[in-house]
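Next come the structures, one after another.
In the two complexes that follow, subunit A is the common piece, with subunit B as its partner first and subunit C second.
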Partner chain A sequence: MAIIELKHVRKQYDKGETIFNDLNLSIQEGDFTVIVGPSGCGKSTLLRIMAGLEQVSGGEIYIADKLENDVPAKKRNIAMVFQNYALYPHMTVAKNIGFGLKMRGAKKAVIKEKVQNAAEMLDLTAYLDKYPADLSGGQMQRVALGRAIVRDSKIYLMDEPLSNLDAKLRATMRVELTKLHRQMQATTVYVTHDQTEAMTMADRIIVLYEGVIQQTGTADEIYTHPANTFVASFIGIPPMNLLQASRQDGEFCLAGQPLNISKVPADQTDLIIGLRPEDISPTFDSPIAMTVDVVENMGADQYVHGTLGAQPIVFRDSSHTHYHQGQSVGLHFNRHISNFYDPQTTQRLEEATWQ
Partner chain B sequence: MAIKPNKWTLLLFLAIPLIPLAVFWIFPLLVSIWLSFTDWDYISPTFHYVGLNNYTQLLSSHDFQAAVGHTLYYTVFSVIPIIVIGFLLAVLLNRLKYTYKFIQSLLFAPWVTPMIGMAIVWSWIFNSQIGPLNQVLHALHLPAPQWLSNPQAAMWTIIIVTIWKNVGWAALFYGDAISKIPRSLFEAADVESLSIWQKITHVLIPLVSPTTLFLFIVEILDCLQAYDQITVLTQGGPAGATRTLLYLYYELGFKQFQMGSATALSIVILVVAAILSFIAIRLSRHHVYY
Partner chain C sequence: MKHMERIQRLVIFTILLLCGVLMVYPMIWMLVSSVKSTSDVFSDSLRLIPTAFHWENFANALAAAPFLTYLWNSTWTTTIIVVLQLLFASMVAYALTQFEFFGRRGLFAIILGTYMLPSATTYIPSYVILGKLNLLNSLWGLVISNLANVFSILLLRQAFLKVPKEVIEAARSDGASEWSILWRIVVPMNRNTLLNAALISFVGSFNDYLWPSLILNDKHNMVISVGLNQFSNSLGSFEKSFPIVMAGTALAVIPLIVVYVILQRYFVHSVQTASVKG
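== the complex of A and B ==
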């Protein structure tokens, strides 16, 4: 069941800048939904619209099937975690977590119990009497989560909560958040620009770019079948290879070699082939060969960057072969997954497949 | 090669900035303390040491006790409104978008204008015959007191002028403090369903507490040093009703030429100011959040 629904939402600022024009989305109850996109794509604004911190210029917002356009943030019963944590510097950890409860007139014993439970869940028991200034970034992050947890809200909104943490802590917190979500079973909408967070945590991913939803789906769906070239290049590290191929004598060719692609619309003279770096492997006997430029050693495997004709290309190699600059490497394409895009519309050609 | 300074070089560099401090602050202070044990009359070349006489006489004099009361009254009823009104003004102004800078400079104008000039304008406003204030009060059929000649009202004219002068300055500081609070703290309060009143008392006031402490100390000291408005508006009168400690000092020293008693009083004022500042800073450890 959809717990949050946005219908034909339009958001325009006073100065005339349009963020969204007719945006539609629905968030399923209990899901961990990640809205991912580059900075400035409108993802935080979208979250703030759901929270009631931002008014829409048009369209409807439904929360649990109730129209909530004019309901202010404080009446929406939504818990939110802010990017900079928004902890009150003049309150201890315990008071920060229990603050909202206290303001709503909860009994002291109830507050104490809930704060204790949240602190245990988040491993904060030892810090309850400390002030935010005494905490590390990760601890502050957990306090901010604690404050959201004691709300007992049905909906949790998180605005880039891990972006201020270092890489190692971010990896730990990703796992923690996933566990927490499984434990609480609450609908979570999580905004990030980090595609790793989206891939690892989400039940559903919404890819947003320039105020338009590019694709909605599970991590697998989005990774294996990106709906357009933007999603293809945004999701995945290193990004998907997008290789231009043009029709020669009725056959699509790359580096002069025919590729055997079928079910391409007849009026399509060019197309873009989408190939994940792991779907390309080195081989001795291929007429398609790249020139190696840079090799990135990632430990378990290596990313081999180079050019194919004039086009950049990268493949992932888990053998420990040594490559050097200028070397010519024959390439084999894994043809299990077909991703072809129209260069004009950038959209995926759904029918086209490898033969 | 790095030059390693010896002790004398270090002292020399320390001494240079200390010269003006010593000449204009430490030396006069020491002279004042010394004078407070004499009966010097400000004119004669001779004087006698009188020990603690100046202090005992001063502390037991009726004028001194009255002046303490006036100073306290004046300070309490000036500082509290300055801080409260300054804070409220800042909260209201913070909502403005385009006229903010303009109104800010208007509010700041009284602070940068010389008090003497402003006090003369105020003495005209408060004039019971020709002053516009009483004309307005008459027109509204409200009681129009003899502002400057009624002892009760006279103190309030001084207080009103002081508030008027300092409130914009306080608002400016509060405005700056409020603008530095991250917006997300208020948004978090919104999400937590706080009312406007709860937001002010639980979020805004604690977060501007360093500014409140600063203003408290500065405004108390400003009240202890108030002189210009008193000298232009009331000259400490009527019947000594607006004679604060500093004004009593001025009268003792430069009207009655009892420089010994006057300097004794100035030392008392200094000690009081120091104690008040000390108390304020001690209190701040528990109630101020940086």
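== the complex of A and C ==
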């Protein structure tokens, strides 16, 4: 069941800047949905619209099947976690966590119990009497989470909650958040520009770019079959290779070699081949060969960057082979997964497959 | 290098010390003069230790004019004025910083404009209004005519602007009303600025002379600034009664000193605690 539904949402600022024109999306109850996109794509605005902190210029917002366009933030039973924690500096950790309950008229004993429970869940019991200024970034983030979970809200909105933490803590918190979500079973909408967070935590990912939803799906779906070249290059590290191929004598060729691609619309003179770095492997007997430029050693494997003709290409290699600059390496393409894109529309050609 | 630093420090301290003495000296002189005899004041006026202590100057002053009434009048009116000024200034500053409404900039420009206006220009219209309200020669008239303090509004607006937007929004999504956000979040976060504003406004109101002197006539209604002037004029010969006037003045500054002592630790460090990570 969809718990949040946005229909034909339009958002325009007074100065005329349009963020969304006609945005439709639905968030399923209980899902951990991640909205991911580069900075400035409108993802935070989208979250703030759901929270009621931002008014829409048009369209409808349904929360649990109720039209809530004009319901202010304080009346929506939605808990929000902010990027910079937004703790109340003059209140102790306990007061910070309990503030939402107090504002909603909960009894003192109830507040105390719930704060205690949340603190135990988040490992904050020892800090309940401390002030935010005495806490580390990770602790402050946990207090911000505590402030949200104590509310027993049906919906949690999180605006880049981990982006102020260092890489190690971020990795720990990703796991913690996933566990927390499993425990609470509450609908969570999580906004991030970090595709690793999206891939690792999400039940469903919404990729947003320039105010338009590019693709919605599970991490797997989005990773294996990106809907367009933007998603292909945005999700995945290193990004998917996008190689231009053009028709020669009716056959699509790369580096002069025919590729055997079928079911391409007849009027398509060019197309873009999408290949994940792990779907390319080195081989001795391929007529398609790249020139190695840079090798990134990642420990378990290495990313071999180079050029194929004039096009940049990268493949992932776990064989610990030593490559050197200028070396020519024959390439083999894994043909199990077909991703072909129209260079004009940038959209995926759904029918086209490797032969 | 260390030697140079020491000399530099010495110079700075000397200058600061001189400035400090210059500032405090009149105050000390007033206190000392209040226990001197008339002849002492004029024959040896720079002397800081009187030849004899004339404590009876205070008794004489208290007998000659209702100083305790004046002090009480000043203290309660000023306290109410400060509390109400801060109440209204907080609300205005909150609206100016947190609400989006038509004419917000215009409103702020007008408020700023009235600050530029010399207060004397408002005396006649204010007097007429108070007269129509039947509040002339009344301490409540003094209170009501002082409810708005533009300086406090400006001071609080600047402080409220620095409250991170997310903190307000977090409170909103925590279910707090605007009223709760103002009093439970914004005001406590800016406690020091508010206390600063309180102190400045207290001193200003307590020392205000011209306006109260225009609207207050009866002795039992006078505030200390007006009463003191009235007293010093009523004594006739200025030279003869000078120590008694100084005794009255010394009484007049007691509430200010009390307030300053209570608030001074906030006065010194008005720094907002960090709440969000940048």
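Just so we're on the same page, the second predicted complex is superposed on the first by the 355 of 355 C-alpha atoms of A that agree within 3 Å, B and C clash if a C-alpha of one lies under 4 Å from a C-alpha of the other, contacts with A are read in each partner's own complex, and residues count from 1 in each chain.
Criterion: a residue touches a chain if its C-beta (ideal position, glycine included) is under 8 Å from a C-beta of that chain, and two chains touch if they have at least 3 such contacts.
Bear in mind the structure is a predicted one, so any value in this text is a computation, not a measurement.
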Checklist entry - Will subunit C clash with subunit B on subunit A after the two structures are superposed, or do they fit? => result clash
Checklist entry - Regarding the shared-chain residue A:164, is it in contact with subunit B (first), subunit C (second), both, or neither? => result second
Next on the checklist: After the superposition on A, what does A:66 contact: first (subunit B), second (subunit C), both or neither?
Outcome noted: neither
Item to check | Between subunit B and subunit C, more extensive residue contact with subunit A | outcome: C
Next on the checklist: Quick one: is A:103 in contact with subunit B, with subunit C, with both, or with neither? Answer first, second, both or neither.
Outcome noted: both
Next on the checklist: Let me test your reading of the model: by the given contact rule, A:15 touches which partner, first (subunit B), second (subunit C), both or neither?
Outcome noted: neither
Checklist entry - Where does A:137 make contact in the superposed view: on subunit B (first), on subunit C (second), on both, or on neither? => result second
Item to check | Which superposed partner A:79 touches (first subunit B, second subunit C, both, neither) | outcome: both
Next on the checklist: Going by the contact rule set out at the top, does A:324 touch subunit B (first), subunit C (second), both, or neither?
Outcome noted: neither
Checklist entry - Of the two partner chains, subunit B (first) and subunit C (second), which one does A:336 touch, if any: first, second, both, or neither? => result neither
Item to check | Where subunit A meets both subunit C and subunit B, residue numbers | outcome: 51-53, 72-76, 78-80, 82-84, 86, 88-90, 99-100, 103-104, 147, 151
Next on the checklist: Per the contact definition, I'd like the list of subunit A residues that touch subunit C in the complex.
Outcome noted: 48, 51-53, 72-76, 78-80, 82-90, 99-100, 103-104, 131-133, 137, 140, 147, 151, 164
Checklist entry - What does subunit B use to touch subunit A in their complex? => result 182, 184-185, 187-188, 190-195, 198, 202-203, 206-207, 209, 289-290
Item to check | Touching residues on subunit A, where the partner in the complex is subunit B | outcome: 51-53, 72-80, 82-84, 86, 88-90, 99-100, 103-104, 147, 151
Checklist entry - subunit A touches which residues of subunit C in the complex? => result 164, 166-167, 169-177, 180, 184-185, 188-189, 191, 272-278
